[in-house]
Amino acid sequence: MSLLSAIFLIPLLAALVVLCIPRNYKFVIRLVTLGATLASMVLALALFAKFNDAPVENGFRFNYEKEWVHVDALKLDIGYHVGVDGINLGLIVMGAIVAFAAACVSREIKRLEKEYYLLLLVMTGGILGAFASLNLFFFYFFHELALVPTFIMIGVWGHGENRNYATFNISVYLSLGALIALAGLIALYLQSGANTFDIVALTKAVKAKPLPLAAQSLIFPLLLFGFGILVSLWPFHTWAPLGYGSAPTATAMLHAGVLKKFGLYGLLRVGIPLMPDGATAWLEILAFLCLGNIIFCGFVAMRQKDLNLLIGNSSVAHMGFIFLGIASLTLVGVTGAVVVMVAHGFLAALTFGLSGALREQTGTLEIEKLGGLLRQIPFLGAALVMAMLAGCGLPGFANFVGEAMVLFGSWRAFPLVTTLAAWGALIIGAVYMLRAVRNILHGPAKPEWAALKDANAWVKTPFVLLLAALLLLGVWPRLLTDKIQPSVAGIIAMAETKTADKATRSGEVKKAAGEIKHRAVQPR
Amino acid sequence: MNVGLEHYLTVSAMLFCLGLLGVILRRNVLVIYMSLELMLNAANLALVAFSRFNENLTGQMMVFFIITVAAAEVAVGLALIVALYRKRQSAHVEDLTSLKL
Amino acid sequence: MEPTLSPAGYAALTILLLPLAAAVIALVCPRRDPESTANRSIGAIALGFVLSLGLFAFTGDKPQEANFNWLSVGDLHVAFGLLLDPLSKLMLLIVTGVGLMIHIYSRGYLHGDRSYSRYFASLSLFTFSMLGIVLANNLFMMFVFWELVGVSSYLLIGFWFEKGSAADAAKKAFLTNRVGDFGFILGIILTWAALGSVNFTELAGSVELGGRLADKAAGFSVLAEPLGKIFNSTGWWIIHPNVLVTLVGLLLFMGAMGKSAQFPLHVWLPDAMEGPTPVSALIHAATMVAAGVFMLCRIFFLLNIPGSHALEFIAWIGGFTALLAALMALQQNDIKRILAYSTLSQLGYMVMAVGLHAPGPAMFHLTTHAAFKALLFLGAGSVIYACHHEQDIWKMGGLRETMPRTWWTFRWGTLALCGVWPFAGFFSKDAILASALEHNNIPLFVLGVFVAGLTTFYMSRLVLVAFCGQARSESAGHAHESPGVMTWPLVVLAVPTLLAGAWGIDAYIAKALPSEHPPHDGGFVDNLFAPFNHNILAAVFGLLAVVAGYKLARALYANAASDPLPGKIGFLANLARDRFYFDELYGWFISVTQETLAKVADWMDRWIIAGLLVRGTHGTTELVGRVLRLAQTGSLQTYAFLFAAGVVLVLAWQLVLNSPAH
Amino acid sequence: MNASLIVLELAVVLLGLVVLVLDWFTPAQDRRTLGYGAALGIGVVLLYSFFAFDGRDPLYAFGNAYVLDGLALWFKRFFLIAALLVLIMATEFSNRFETGQSEFFALTLFALAGMMFAASANDFMLLFVSLELITVTFYVLVSFLRRRVDSLEAGVKYLILGALSSGFLVYGIALVFGAAGTMNFNELADKLTNNAALSHKSLLTTGVLLVLVGLGFKMAAVPFQIWAPDVYQGSPTPTTAFLSVGSKAAGVVLLMRLLGTAIPDLAFTLERLLMVMAGATIFYGSLCAIPQRNLKRLLGYSSIASAGYLLLGFAVMNRAGSSAILYYLAGYLFTVLAAFTVIAVVVQQAGEEDISALAGLSQRSPLLASSLTLAMVSLAGIPPLAGFFGKFLLLKAVIAEGIRWHAYYWLFAVAVVGVLISLYYYFNVIRAIYWSKGATDLTPIAVSLPTKFVLGVCIVGMFWLGLNPDGALEMAVEAVKVLKLAS
Amino acid sequence: MTLPDLLFYVFAFLTLLFGALVVANPFSRNPVTSAMFLVLTICALAGLFVLLNAFFLAAVQILVYAGAVMVLFLFVIMLLDLKEEQRRKINLFGIVTGTGAVLGLGFLLMRTIWAGELEQAGNPRIIGDTKALGFELFTKGQFLLPFEIVSVLLLVAMVGVILLSKKELK
C-alpha cells in the first residue's frame, strides 16, 4: 500500500474498527477517530514534505495502480489509480488537516456517537480518496462515498428548524450535480475512444487525438454545471448556506472546507484540459456567473441574521474567486484559484468550527442576541476576528495570496468582471465580516453571556492548527505555488491547444451533426 | 364471402373485447372472473383457428394447456373469493379498497 | 533569486522584523506580564530607531535593494523586497522616532488598562506594517503592508471595543480605507498588466525608457482589447492612451485617498479619534495617514507620465480637502477632533503639493507635520489625561497655569502648525505655497493661503479656550501636570518642531525625488531665511494669513465663556460644526445603494432562487407525485381500466404511431 | 431428449413435495425446522448447480422447448439464492401464519420451480405454463394471511389483474403463433431472419406487444404497474420480498429471451416503446413514492422505479445493457431482501407498517438499523454498495447509446431525475431510523440467528457487488452471451 | 354459402350474443344468469371448435369448462348466497372511458386482423381428434414438459384451495 493510499485508507479502516467497538465505549471510539485522522494528517504532511523528492511519472508522483474491473466484452476498464501533483497535493494535505480538526470539534456530539464517528471517518476517507484518485470512476466513487455521510449527518445530528428541508435540499441538489457530472464523465469515457477512466491515459489519448468538437460542446457544459452545482455556482447555490447552517460543526467544516472543492478540482483536472474547445465559450459565461457568487451572495450575506448563514453565504461568495481564476485560464489566475481552494478549505473549517464552538455555549447563533463576547472569550473571539479578516482577504492569510493572484490573472481576460470581483472581495466581504465582528464580539457585554467560558487547550488545538496553516501559507505562499505552478502550466498548455480554427470547426460540427442524424434512423 | 381465418379471428377479438369490457365494467368479482374466462376462451378460439389454418396442432395443444391452467386458476380464485367473502360479506369490488394510494 | 544582503539590508530587515517579533510574542503569551510586553515593544522600536539613525547617517544615498522571492507564478513576480533610499530612510526615521516617543508616552497614558499588553501588541503590529510600507520595494508588497496598516489601525481604534462608538469607528475606518484600497489594487493590477512588473525600480526604468504605458499599442492591448471583448467583439470600445495613464494614476491615488483621508474618503479620520490618544498621535497624525502621501511620492513617476492628467486631479482634491477640513475644524469643540481636522487639512496640503508636481515639499511637510502633530496630539492627550478624560475645550481653560510643560510644548506645536517663522511648519508650508505659485496655479495658492489663515484661527481658538482664561469645569480646575513618562516625549518632540524646518531635510529629500527647483542647502542659518529669498511672495502671504487668523481668533475667543461664532454666522457655523453633513449624506447614500442592493439580493435569493425555483421545483415534484398516485384508487375497476388503457396505448403507440412498415 | 437437464427444477419440486409430506408427521411446534430444512435443500441444489453445469454451451431438451445455457443458469442460481433467503425469512415470519406453515414453504418451492422453468423457457408454451405456475402460486402466497383482510384483498387484486394479464399474454401468444406458425423461440428467430415479410406483420407485432404486456405486468412496468403497490402492501412480508425479487426477475429473464432469442431482428422496433416505458416507469415509481408512509407500499413504488431502471437496459438492447440488467438485479436481490427482512422484523414488533415504526430502531437494534440503512443507500445508488455499480452500468449503457441517438440523453436525464427523487424517500426512511424523537418504545429487539444470517448474506452481497464487481460482471457478461445482441 | 360457413355465422352470433349477455344482461344482474350464459357461450364456442376440426378440444371445452369449471362457479355463487347485484350508482365516466378503451383495443385488433397479411391454407388437413393430440402430447418433448409442469400447477391449486378455504384451526 502506498503512502498516498494509506492517507485515505486509514480512516476507512478505522471506520471498520469503530463498527466493531460496542457503542458504550464512547471514549475509545473517539480515540480511534482522533488517532486515525491524526495519522492521516501526519502522513499527508509527510507526503507534502517528500513531494519534491518523489519521482515523477506522467506528471504525477506517488503513483499507485491496480486493476479493478476489466471486462473486455463490455470494453469496460476501471482501475484503481492514485497519485498527486501540485494541484491535488495541497487539497489532500488541507483535507487531512481539516479532517483532524473536524474530529477534534466533534466533542459536541452527544447522541449516537458510534454512528457519527463512523460516518465522519467514511467521509474523511471518501474526501481524501476522491482527491487522490487519478481514475475518474474512483474519483466519483469516493466523492459519493463522502457525500452520503454528509446528508445523513446533517439529517441526524443537525441543528435548527429547517434541518429536514436543508437535508433534502442538499441531498437532492448535490446528487443532481454529481449525477450530471457523472454523465459527463461517462460520456468522456466513451467519446475519448480510449475506453478508460484513467486520467493519465485519457490525457494521453486526448493529446494524441482531441475529442470531437460535438462531443466537447456536449460534455463540457455537463461537467461545468454538474461540478458547478457541487461547488454552489450561482444560481445553484442555495443549498449551501442552508445546509451548512443546519449541519453539525464537523460536517460543515469537512464539506464546506474540503469536499466542496471536488467540483472545482474536477473542472480543473478534467473539464478544461480535455475539452479546450468546449470550454472556450463557457468560460466567459462562467466568469459572469462567478459575479453572482461574489457580488450577489456577498449582498445576501450582508442581510443574514444568523452567523452560520452568513458564513455559509460568504463561503459561496469565495467560490466565485476560484471560478474566476479558472475561467481566466491564465497561469497566474488558475494557480491563484488552486491556492484559494486550499486557503478557503482552512478558512471555512475555521469559521464553521468557531461558530460551532460558539453555538455549543450560547445555544444560538443569532447575531442580534449575541454581542460583546470578546471580553468573555478572548481566544475564540480573537480567532473569529482573524477568521473574519482572513475572509475579507487580509494579507498575511493564505486567502489574500490566492485572491490577489486570481485578480491579477483574470484582469487581462475579464477586466470588468475582475473590477467587480475586486469590489466584492475588498468591500462587500469586509462589510459583512466586520459587521458580524462588531455585532457579535464588540460592543457592551451582555449579562446573559457573562458565564461563557473560553476555550481550553483541547478546544484550541484545531483552531490553532487551522490558523497556523492559513498564516503559514499566507506568509510563505511559495510552499504551495511552486508545486502548483508546473501542474497548472501543463493544464493550461492543454487548454490552449484548440483543435482548429473556426472555419474547419463549423465544418466538422456540421459533419458530426449529419453523422448523428444518419445513425439515428439506422436500425441495428 | 368465404369464411376464413379473418372471420374466426374477428369473433375471437370481439369476444376478447367483450370479456375485457366485463372486467372493466362489472363490479361483482365473480362476474369479473367470468369475464376473464371469456377472454381466455377468445384466445382459445384464436389459437384453434390458427392451428387449423396454419395446419399445426401446436395451437390446439396450447389450448389444452390453457384450459387446464384456467381450471386450476379458477379453483384457486374461487377459493380466494370465498375466503374474502367470509371476511367481508361482499363480493363487490367497491368494498375492496382498503389498500390504496 | 536568493538575496545577498548588505549590512544595511540586514539592518533594515531587523528594523522591520523587531516590532513583528514583539507583537507575535505578545500574542502567543498574552496575559503573563503586561509590563514586559510594553518593554519589548518599546525596546523593539527603540532599537529600530537607533538602527534607522545609523542607516541615515552611515549609508550613502545610492538606493539599495534586497529581494526575496516571495511569490513567482507565470509573469507575476513578487518579491519580499526592501528598498533603502533617502525617501525610505527619512520615513524610517520619522516612524521609529515619533513612534518611540509615542510608545513611551503610552506607558503612562494607558497605565492600568486591563488590555495593556493587547495595546502594545497592536501598536507593534502597526509599527511593523508601517515600516513595511516604508521599506517595500514593490507595489504588491506595499499593498500587503498597506492592508496590514489598515487592520492594525482597526484594532487600535477599536481598542476599547466595548464602547459602541469605538467599535463603529474602527469598522468605519477599515471600510473607508477598503474603498481606497479597491482602487489601489486595481491600479496595481493595471500597472502590472501594462508594464509587466510591480517593482518600483523596474517600473521607473520602463517608464523612463519611453514607457510602454504611454505607448499607444500597449495601451490598446492592455485595456481596449479585453474591454472590447466584453462589450463588442468588433472593438468599438477604444481607450485613448492618455485616458489609460490617467486612469492608472487615479486608481493608485485612490489608495492614498483612503489612507490619507482625502475627500471624499475623509470621513473616517475624525471618528478614529475614538481610539486612545497616543494612537491618534501615531497613526492618525504622524504615520499611517502620511502613508498615502508617501506612496504618492514613491510612485510619482507613474503619476507624472506625459499625457497623464492625474496630477491635476490630485492637486484639486488635496486643495479641496485642505479647505473643507479647515472649515470643519472651526466649530469643533472636542480637542482631539480639532486636531483631527487639522490633520486632514494638512494632509490636503501635502496631496496638493504632490499634485503640483512638488513631491519634495510634500514629503517635507509630511516630516515636519509628523513631529508637530504628534506633539500636539500627545499634548492633547496630556490635557485629557489631566482633566480626567474630558475632551471638550469649553470645559477646560486656565491650563497654562497648572500644566506648564504641556502648555509650552503645545504652544510650540501650535506655532509650527500655523506656520510661524522660524518653526518647522513655516518652511514646509511655504515650500508648498511656493510650488503653487511657481506652477502658476493662483487659485490653489490663494486657497492655500486662506487655509493657512483658517488654520491659525482654529488653533488659536483651541489654545485660547483650553489653556488661557479661567477653568470652566471642576476637572479642569483640579488638573495638574502629567507624569514625566508623558511629558518628556513632549519635550523631545518639541525639538524637531522648532528645528526641522531649517535642518536641510528638504535637501535630503531632493536626493530621492527630483525637484523642479534646486533645494537650499546652505547650512542652517542660510536655510532659515531661504524661503524669503526663494519666493518672498509666498512667505509673506503665508505670514500675513497667520497674523490675520490670530487677530480674528483673539478678538473672538479671548476670555470667551462660550463660542460666539454661531451667534454671528449661525447657519454657516452649524454647517461647519456638523461637518457639512457628509456623514449623513454617506449614510443616506449607502442605505439607498448598498443596503438596497443587499435587500434586493436577499429578496431574490430567498424568494426567487431558493423559493420559486428550488422550493417550487420541490413542491411541484411532490405535487405531481401526489396527483399521480391518485391513480392508485384501490378500486379494481379503475385498475382494470388503467391496465386496459395501458395496453391500448402501447399497441397504438407501436402499431399506429411508430410503425415504419405501414 | 435430454431430460436430465431439468434435474435442478425436479429437485426443487421434490423438495416441495417432501415438505408437504413431512408436514403430516411433524408436530406443529417443530414445523419451523421444515423451513430451515427446505432452505438447506435449496442450498444444496444451489451448490449442486455449480458442480453439475457450467452453462458454457446451450443445452436443449424437450424438443428445444427447454434450454440450459448461461443465462438460464445465472437466473436459476439467482432464484435459488432469493428463495433460500426468502425461506429463512419466511420461517422467521411463520408464527404469523395461523396455519399452513409448511404449505407456505412448499408453495415457495413450487414458485421457485416455476421461476427456474421460466429461466429455461425456450418456447411460448413453456413460457406460459411456467409463468402461470408462478402466478397461481403467488395468488395463494399473497393471500396467505387469510385472517387479514388486507392480505385477501391483495390476493383478489393480484388474482384479477394477474388473470387479466394472463389473458393478454395468451392472446398475444396466439397471435404470434398465428403469424409465425411456431411457438419455439429459435424457430421464430430463424423464420424472422429468413422471411423479411414476417417481421413487418402487424399480427406478429401485436402478438409480441401483448406478450410484452404480460411480462411487463410481472415486472411491474408502467403502464402495467398498477397492481404492485396494493399487492406489496397487503401480502405477507416474505411473499412481498419474493414477489419483488423472484417474480420481477422471472419477467426480466423472459423478456430477455423474447427480445434476445425469439425476435432479435424485430426487437429494435421496440426501442422507442421501451425507452418511453422505462422513462415513465422510473417517473411513476419515484414520484408516487414521495408522499408514501407505508413501508411496504413504499418499497412497492420503489420496485416500480427499479423496473424502470431495468427497462433502461432493455431499451439500449445491447450486451452492455443486458449485462447491466443482470448486475443490477443481483444487487437488487440482496438489497431488497435485506430491506424486507428488516421490515418483517420491525413490523412484527411494532404491529404497524407506517414509517414511524422505524423510530428508535437505531437504539433498539443497530444491526437492523444499519442493514436497512445500507439497503436504502444501495437502492438509492450510492457507492460503495451494489446499487451504485448496477445503476452505473445501466446509465453508462444509456449514455453510450446517446452517441447513436440523442434521445438516449433525455432518457438518461429522466433516469437522473428519478434517482434524485428516489433519494428523497430513501433518506426519509434513514431519517426515520436515526432521528427518532417520537420514539417511545426503546426496548431492544432480539434478532434471531437465521435473520442475522440473511442480513449478513445480504450485506456481504451488497458490499461484494459494490466493491469487487469484476467477477460478478464477468459472469453477467457470460450469461448474456447467448442473446443475439449488439455488442 | 356452404353449410360450414352458415354454421360459423350461427355459432359466431351465438357466441357473441351469449358473451354479451354474460357481461351485460339488461334483464338480470344476477351472477347466476351470467354464469348460465357463460356456459352457453362455451357451448357455442365448442361448436366453432368443431367447425375448425378441433373435436377433442370441443369435447374438453364442454366437459371441463361447461361441466366442471362452470359448476364450480355456480357452486360458489350458491355457497355465497349472492343476491342480485344491487344497482349502485352508475359511474358514467367509468363506463364511457372503459368502453372507449375497449373499443380502442377492438379497433387495433381488427386493424391487425384485416391487414391482409394472413396466410391460410384452404383445405383443412389436420384433424384435432384425441388420437392426434395424444400423439402430439406424448411423443413430442416440447409438450411433455409443460404437461408435467401443469401437474405441479394443479397440485399447487389443490394445496391453495385447501389452505384458503379450510376451517380456521385454533
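Letters A, B, C, D and E name the chains as they come in the text, with residue numbers starting at 1 for each one.
As a working rule, contacts are C-beta pairs under 8 Å (C-beta built on N, C-alpha and C of every residue); 3 or more make two chains touch, one makes a residue touch a chain.
Quick caveat, the model's predicted, so the values are computed rather than measured.
> Identify the chains in contact with subunit B as well as subunit C, in label order.
D, E
> Could you tell me which chains make contact with subunit B and subunit E both?
Chains touching both subunit B and subunit E: C, D.
> What chain lies closest to the overall centre, CA atoms only?
Located nearest the centre of all protein C-alpha atoms is chain A.
> For subunit A versus subunit D, what separation do you get between their C-alpha means, in angstrom?
That pair's centroid distance is 40 Å.
> Per the centroid of Cα atoms for each chain, what is the distance between subunit C and subunit E, given in Å?
Their C-alpha centroids are separated by 100 Å.
> Could you work out how far the Cα centre of subunit B sits from that of subunit D, in whole Å?
Roughly 26 Å separates the two chain centres.
> Just give me the whole-number Å value for how far the CA centre of subunit A lies from that of subunit C.
Centres of subunit A and subunit C (C-alpha means) sit 37 Å apart.
> At least two partner chains per residue is the criterion; list those residues in subunit A.
168, 172
> Subunit E: which residues touch two or more other chains?
Each of 94, 98, 101-102, 105, 108-109, 111-113, 115, 118, 143, 146, 150, 153, 156-157, 160, 164 in subunit E touches at least two other chains.
> Would you give the residues of subunit C that are in contact with at least 2 other chains, written as numbers and ranges?
Correct list: 629, 632, 634, 636-637, 640-641, 644-645, 647, 651, 655, 662.
> Could you list each pair of chains that touch, in label order?
All touching pairs, sorted by chain label, are A-C, A-D, B-C, B-D, B-E, C-D, C-E, D-E.
> Contact residues on subunit B for subunit C in the complex?
20, 23-25, 27, 29, 32, 93-94, 96-101
> Under the definition above, what is the set of subunit B residues touching subunit D in their complex?
Residues 5, 9, 12, 16, 19-20, 23, 29, 32-33, 36, 39-40, 42-43, 46-47, 49-50, 54, 56, 58-59, 61-62, 65-66, 69, 72-73, 76-77, 80-81, 83-84, 87-88, 96, 98-100 of subunit B touch subunit D in their complex.
> Under the touch definition given earlier, write down the residues of subunit C that touch subunit D in their complex.
Per the stated touch rule, the residues are 621-622, 624-626, 628-629, 631-632, 634, 636, 639-640, 642-647, 649-651, 653-655, 658-662.
> State the interface residues of subunit D toward subunit B in the complex, per the touch definition above.
Those residues of subunit D that touch subunit B are 124-125, 128-129, 132, 136, 139-140, 143, 146, 149-150, 152-157, 159-160, 163-164, 166-167, 170-171, 173-175, 177-178, 181-183, 229-230, 233-234.
> Which residues of subunit A touch subunit D in their complex?
23, 68-71, 73-74, 76, 112, 114-115, 141-142, 144-145, 147-148, 151-152, 155-156, 164, 167-168, 171-172, 175-176, 179-180, 182-183, 186-187, 189-191, 516, 519-520, 523-524
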